[in-house]
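In order of appearance the chains are A, B, C and D, and numbering begins at 1 in each one.
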Amino acid sequence: MIVVIKKNQNQKQVDNLTNWIKDLGLDVHISRGENSTIIGLVGDTSKVDIDLVRSLDIVESVTRVQEPYKNANRKFHPEDTIVDVAGHKFGGKHFQFIAGPCSVESEKQIIEVAEAVKKAGATLLRGGAFKPRTSPYSFQGLGLDGLKLLKKAKQETGMPIVTELMSERYLDDFEGVDVIQIGARNMQNFDLLKAVGRLKVPVLLKRGISATIEEWLMSAEYIMSEGNENVILCERGIRTFEPYTRNTLDLSAIPILKERTHLPVIVDPSHASGVARLVRPLSLASVGAGADGLIIEVHNDPTHALCDGAQSLKPEQFEEVVNSVRPLLPVVNKEMDV
Amino acid sequence: MIVVIKKNQNQKQVDNLTNWIKDLGLDVHISRGENSTIIGLVGDTSKVDIDLVRSLDIVESVTRVQEPYKNANRKFHPEDTIVDVAGHKFGGKHFQFIAGPCSVESEKQIIEVAEAVKKAGATLLRGGAFKPRTSPYSFQGLGLDGLKLLKKAKQETGMPIVTELMSERYLDDFEGVDVIQIGARNMQNFDLLKAVGRLKVPVLLKRGISATIEEWLMSAEYIMSEGNENVILCERGIRTFEPYTRNTLDLSAIPILKERTHLPVIVDPSHASGVARLVRPLSLASVGAGADGLIIEVHNDPTHALCDGAQSLKPEQFEEVVNSVRPLLPVVNKEMDV
Amino acid sequence: MIVVIKKNQNQKQVDNLTNWIKDLGLDVHISRGENSTIIGLVGDTSKVDIDLVRSLDIVESVTRVQEPYKNANRKFHPEDTIVDVAGHKFGGKHFQFIAGPCSVESEKQIIEVAEAVKKAGATLLRGGAFKPRTSPYSFQGLGLDGLKLLKKAKQETGMPIVTELMSERYLDDFEGVDVIQIGARNMQNFDLLKAVGRLKVPVLLKRGISATIEEWLMSAEYIMSEGNENVILCERGIRTFEPYTRNTLDLSAIPILKERTHLPVIVDPSHASGVARLVRPLSLASVGAGADGLIIEVHNDPTHALCDGAQSLKPEQFEEVVNSVRPLLPVVNKEMDV
Amino acid sequence: MIVVIKKNQNQKQVDNLTNWIKDLGLDVHISRGENSTIIGLVGDTSKVDIDLVRSLDIVESVTRVQEPYKNANRKFHPEDTIVDVAGHKFGGKHFQFIAGPCSVESEKQIIEVAEAVKKAGATLLRGGAFKPRTSPYSFQGLGLDGLKLLKKAKQETGMPIVTELMSERYLDDFEGVDVIQIGARNMQNFDLLKAVGRLKVPVLLKRGISATIEEWLMSAEYIMSEGNENVILCERGIRTFEPYTRNTLDLSAIPILKERTHLPVIVDPSHASGVARLVRPLSLASVGAGADGLIIEVHNDPTHALCDGAQSLKPEQFEEVVNSVRPLLPVVNKEMDV
């Protein structure tokens, strides 16, 4: 960490600062220029509160040289982490499709969708039991009943299941869930992050809607620092000024994450765009950018014409996506399970 | 709600849509133009999932005419809501200062700050016991011990206390807290919102760092729909591209909220800017924009030179802010307690 | 266009509004509900000032049903426009690589780079003569001398040239330039847009750093409405809160543009990220998203070690990008020239 | 400027970099730590291309210690600049109201508005002759005819006039204009900035819709580096994700600019919000934040009911704004002319 001190500052205040830094167990290198004094902090600076230092009257600017994350940092863990979900691997050369409906609605629905997506190439089944909704008047999901149906589908099809946890209160009920999803709105629900950090089950950590890449990695760090290293990151779009899409999918984040962290990174093209027609091109783009997998909404309700155009694909459209992704994988050094 | 149907659509799909709308108990008005068909939905449209309708293949666009919030909506509650905190009123002609340290650190500290800010004109005491921090390695607050010290300060000074709740788990421990703060990162932690909605104690609901005004009001709606109408909104800056400030204080939000909702709105100029020097001008600006109060960080540690320049003011600086705000209040039809 | 009138409005004001609309030559359909009156405007609404209508006291909301662009609109021109640059085609099944240095520096440099990128697969040569720089103290390009060198390179290699025009003053000097680039900062320099609209030479219109897709298409419309239909759109990243990249490449814009307009769309992955390492993954991602071409910075200065890591690729890195893009093209129904 | 070199880098490349820096006439201080090497650049670093250095493979990060602007920098010019417009002063203790219609429409209109706003307290008259419009189909202003009418109004009322210049082509016609406005869309039209920089007439430089404060100051620097020091900055709202306002007025920018530059700063509350109802609260807020003046749209057309609710105020509403601003001025150490 480098602290630049403003010109002509009270020497006593500068000494106070350097003594405080030394008390934190860090070494201090001072170099005085004509217009400013530069203080280099050497050692483990992750315990230094950068906002506090930046806010001091005598300080011109502060730059962090070391990233504030450790467990998630590729520097200290150069090999890709491979997260194993019941034999299906995320990271390295592996590529996985996670698919399933937005919400679990009935036993028939979830099992039918599961079978359809499995046949098309998906290895994990997703499905929402607890749904975070902007409005208290919108359908909030089937809750515990939905969870049961999802476990039933797992039993019937052998597919591991992924579903969202919104409150610590349901931790025990999530026994049997293969991947716990932490949604965008809870990316900085630190108590929840710590709670899943104390488990061993893989965690799918979605990016907060306006989270920087660094904040996202710090949330992964919350989970990992409690002992759970099985974190899969999921890009799902960020909030920008553009109104034509619900969110702006940030695919530059993929190669950046690949440099900074050893954790696997997947993409959710359904939520990013909010439109089914965009799922195929954004899936291909995600693969090109280097993603380790895709999580895609698939719905199966031929009698219910209403849902035709939603952000969910029909099974045959999902199969099309899988088939168009397949020839791209060798270009990016990836391969699908089976 | 108005749904515009694309040109030349399959009539059966249009009929499916209108039937589905009627099944929700709404009336449907259809007007056919040369280039598009327009469907007007009349009745209580808050139960219609606008994202679902928008995503249909046959739909060109959807516009909500009615706001999706009811309890928080000024249309159905034209009078200002006055939230009473132990005799100190938020809303209407009232103006309140809430002040105190970022974190509760010790009995001496919190009581000294409390006495200082009370003398300067603050009517409520703020102080963090549980601190949401981006990094798991940063100080997370004194927790339950901090809460006890805060209650001690309340007892000593008679000031009602405001502090942040981060998890339902601590609800019982918050007995005795006069205003429960929901932080920006938990603005869409819906389980937490419902939990405080079942209480009667006033809730200070901070705006999420990238929440739209409508999403913010929908989060208030979560609390109010559970029965707790004592919600105070708090603008604290939004995330933009500008790097010179930590956040961009959105003061246009104040007069907009005053039109749309009857709830009181206060401003936190300390967190928005992250810099103590900006607190005074942003406090004056907030009053000009029509805020019902200010929540300001004040620190009192004369021996600890390090904190001099932080986003926290010293008590004498806080007093200066109060004194410069005072002459503005009559211009905006407000008055301070006492 | 649909105008929703607030409840209980003065009938005279509503009549004023409807008469004004009729005077513009539009038909008006009125439907009165319990809570609001809805006015449908039928006809050519592109002449209605939506901001003006929206700002009226009696108006609750306004929704445009028809897009405000005509010439650029796919609805009125369903076939892909093919822009032909000296035999190299943009749009439809065609895929082009444009490559060259950020700035033209010397005859030797520009000719060497041109030959290298041509050999690697580029069909057009780019090079900056006039450089828009944030600081007046930064190098502003060689100007007219740079332009001459670029034309020399065209003559030597037979490659058509692409370069940026920053002021109408140089229009005559741009005689011989094959594609005129309008940079992001000038996307809404309407006088400049009109000026290139009066020519026949193809225009590469970069997206403004915070332009919505609609504003971007409206800028294309400025050019097209003057008679020049040869517009190529170029996505180059938008401004967001994320600091790890210089800009956030908005690849969702590609499939959206493909639906809304018939114009070709290419991507500039060099400027978006500002980092050479990201050019390859973002190029692959752009192809996956459906782009009609790529414009990539390539530098060739083996003695100048300093530029090694800049956003410019070395020719051999560029060749790698071309070679990794090649196998993706059939998947997205595209093919390279030659 | 501080450059942090990555661990274990090729020493030759590091030497290349330091030699290149020395060739620019700068001193170099190197300090080697265990994990990184830190290079301090001492001297006039405004000529160093920070993006280039940042992009080098061997570089971890770069921090600018000195601001890249000189003429606009308060460090080198601690006193407030006072811009004098025909005796009306901007900066220091002075506070000015600029008012007038969005567009000049007729002689009668502009003279009536001028007289009305003068009576209410405005000292300068604004009015658009050339209007930058997103759509080529929207009214583009009366152009040179509008300019003549504006000069006529100046002659009749004695009020200095402010109007927008969109192209160098009209520079001669702007003879007689007292303040040349550069609009948000042209804030980085560098040729235009240089052109007005060669004049002596005051320039009102609006902030670009997504310009950072630093970029804005760099645009002021373009004007000042050509010799024209009479620059007035004008905040008019930035683009964010919030849809309820057209733009988000960034009032934190005011006190930040007051620290960083000696130039006067005014606010345009009409364009920021797009709604007349917000003009009064945002005007009061701007004064609280420390603005040196306000520029407000005022329309005067009693027979044309249509414009009643637009972002323009009626003269009597403008007078109300002036009268409510008056009592705030002493609190912020400002006073109105006359």
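The criterion applied here is as follows: a contact is a pair of C-beta atoms (placed from the backbone, for glycine too) under 8 Å apart; a residue touches a chain by one contact, two chains touch by 3 or more.
Every value quoted in this text rests on a predicted model; they were computed, and no experiment measured them.
Colleague: Looking at chain B with chain D, do both copies bring the same residues to the contact (over half shared) or different ones?
Modeller: Over half of the interface numbering overlaps between copies: same.
Colleague: Report the chain whose mean Cα position is at the greatest distance from that of chain D.
Modeller: Ranked by distance of C-alpha centres from chain D, the top chain is A.
Colleague: Roughly how far is chain B from chain D, going centre to centre by Cα mean, in whole Å?
Modeller: 31
Colleague: Would you mind pulling out the distance in Å between where the CA atoms of chain A average out and where those of chain B do?
Modeller: Averaging C-alpha atoms per chain gives centres 27 Å apart.
Colleague: Using the touch definition from the top, which residues of chain A touch two or more other chains?
Modeller: Each of 210, 239-241, 243 in chain A touches at least two other chains.
Colleague: Going by the contact rule at the top, pick out the chain A residues touching chain C in the complex.
Modeller: So the residues of chain A in touch with chain C come to 210, 212-214, 238, 240-245, 248-256, 259, 272-273, 277-278, 281-290, 324, 327-328, 330-332.
Colleague: Using the touch rule from the top, collect the residues of chain D that touch chain A in their complex.
Modeller: Contact set of chain D toward chain A: 2, 4, 29, 31, 33-36, 38, 40, 42, 60-61, 63, 65-66, 210, 239-241, 243.
Colleague: For chain C, which residues are in contact with chain D within the complex?
Modeller: Interface residues on the chain C side: 12-13, 16-17, 20, 46-47, 49, 51-52, 54-59, 68, 132-139, 166-169, 185-186, 188-191, 194, 209-210, 215, 218, 221-222, 225, 239, 246, 274-276, 305-311.
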